[in-house]
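A short write-up of the structure that comes next.
We just call them A, B, C, D and E in the order they show up, numbering each chain from 1.
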Amino acid sequence: MEIGKIIGNVWATRKDPILNGMTFLIAELDDGKKIVVCDSIGAGVGDRVIITKGSGARKNLNTSSLPIDAVTIGIIDEKEEK
Amino acid sequence: MEIGKIIGNVWATRKDPILNGMTFLIAELDDGKKIVVCDSIGAGVGDRVIITKGSGARKNLNTSSLPIDAVTIGIIDEKEEK
Amino acid sequence: MEIGKIIGNVWATRKDPILNGMTFLIAELDDGKKIVVCDSIGAGVGDRVIITKGSGARKNLNTSSLPIDAVTIGIIDEKEEK
Amino acid sequence: MEIGKIIGNVWATRKDPILNGMTFLIAELDDGKKIVVCDSIGAGVGDRVIITKGSGARKNLNTSSLPIDAVTIGIIDEKEEK
Amino acid sequence: MEIGKIIGNVWATRKDPILNGMTFLIAELDDGKKIVVCDSIGAGVGDRVIITKGSGARKNLNTSSLPIDAVTIGIIDEKEEK
């Protein structure tokens, strides 16, 4: 997984209808790259999150059948590097 | 997912027959990389879109059995970064 | 998907037997990276092709059970960027 | 797979509930990139590990239904390059 | 797929038990990156091989249920670029 900081939102009125109701957030990864993630845990701007990419992003009750490839799985409380 | 801008089209007469009727667009990602995406939402040149890559690109009624790895899932109305 | 140019061939006598009969081509991607792709459409050296990577490379009648991760899905006739 | 060194831990109280009880470690890959991995083998800070990414990270009794994309599969005893 | 040269071995006594008996090799890709691959074809140090990554690495009789993401599928006899 990767650690990212939620820095914004993105809205799309014209979209695959199965995505209605999903929240799309912009996350900045540690290398500066910005990606779009679906939110499954109530994350918002300013939160540092753990992001799962690929098919793992659909192993969640709310996202299992969606055409997505990135999801927030946790909001980071604390990180410790040695 | 990634944000890209649709900048062109690509045509292939000789292709896997299961792809007949699909539209192939050229999208430029934020890092300048150009990829080919299938369109599922009526996107065209000039639109900024959300792109799903990998197996998620086939979680769509129109693309589920296709040999593709990237699809447009939404046309961006507005993007807000803080 | 990515656009690549077929620039060569690669042969492997000792291989997973399920791959017998498959053609392996060398494709150069737009960023100069060279990858090996299976061919499903009769592509050859000099052709510009659309390449699907990952599990999508096995969504084809001829490749569905193969241990591969890249396949040609179309030979490009024309590309138009605006 | 990739080789990484476990350099830290990350904690998330608010997370997908299916992840309760999983250990999240920070691994530094050979190219300096840091990723978050689930642990399936008792790895800890200081261990050099083999990391599987993508859907393969869920081919483990403990991780098969989790929204994750990276897991430790072995702690390296010895590595020999020629 | 990618072309790599087998340059070493890696051993892990503490590992997911389902991996017992698998050989882990170190492969150097054309861009200099080193990855760990499972061997399914009897490859050894010095061989140039074709490597399949991702879920395709498990489309092999010996690897279908393993938590791996890269496998050797062929030992290269000859490569011809034009």
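The rule we apply is simple: contacts are C-beta pairs under 8 Å (C-beta built on N, C-alpha and C of every residue); 3 or more make two chains touch, one makes a residue touch a chain.
What you see is a predicted model; the values in this text were computed from it and never measured.
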{"item": "Contact-graph distance - origin subunit C, target subunit E", "value": "1"}
{"item": "Contacts common to subunit D and subunit E (chain labels)", "value": "none"}
{"item": "For subunit B placed onto subunit D, the superposition rotation in degrees, Cα atoms, nearest 5", "value": "145"}
{"item": "Length of the line joining the C-alpha centres of subunit A and subunit B, rounded to whole Å", "value": "19"}
{"item": "Averaged-CA centre spacing for the pair subunit C and subunit A, given as whole angstrom", "value": "32"}
{"item": "Residue numbers of subunit B (touch at least two other chains)", "value": "54-55, 57-58"}
{"item": "Chain contact graph, described as a line, ring, star, complete graph or other shape", "value": "ring"}
{"item": "Sequence of touching chains round the ring, subunit A onward through subunit D", "value": "A, D, E, C, B"}
{"item": "Subunit E contact footprint on subunit D (complex, rising order)", "value": "1-3, 30-31, 40-42, 50, 52-60, 63, 71, 73-82"}
{"item": "Residues of subunit A that touch subunit B when the two form their complex", "value": "7-16, 18-19, 24, 26, 33-37, 45-46, 54-55, 57-58, 65-70"}
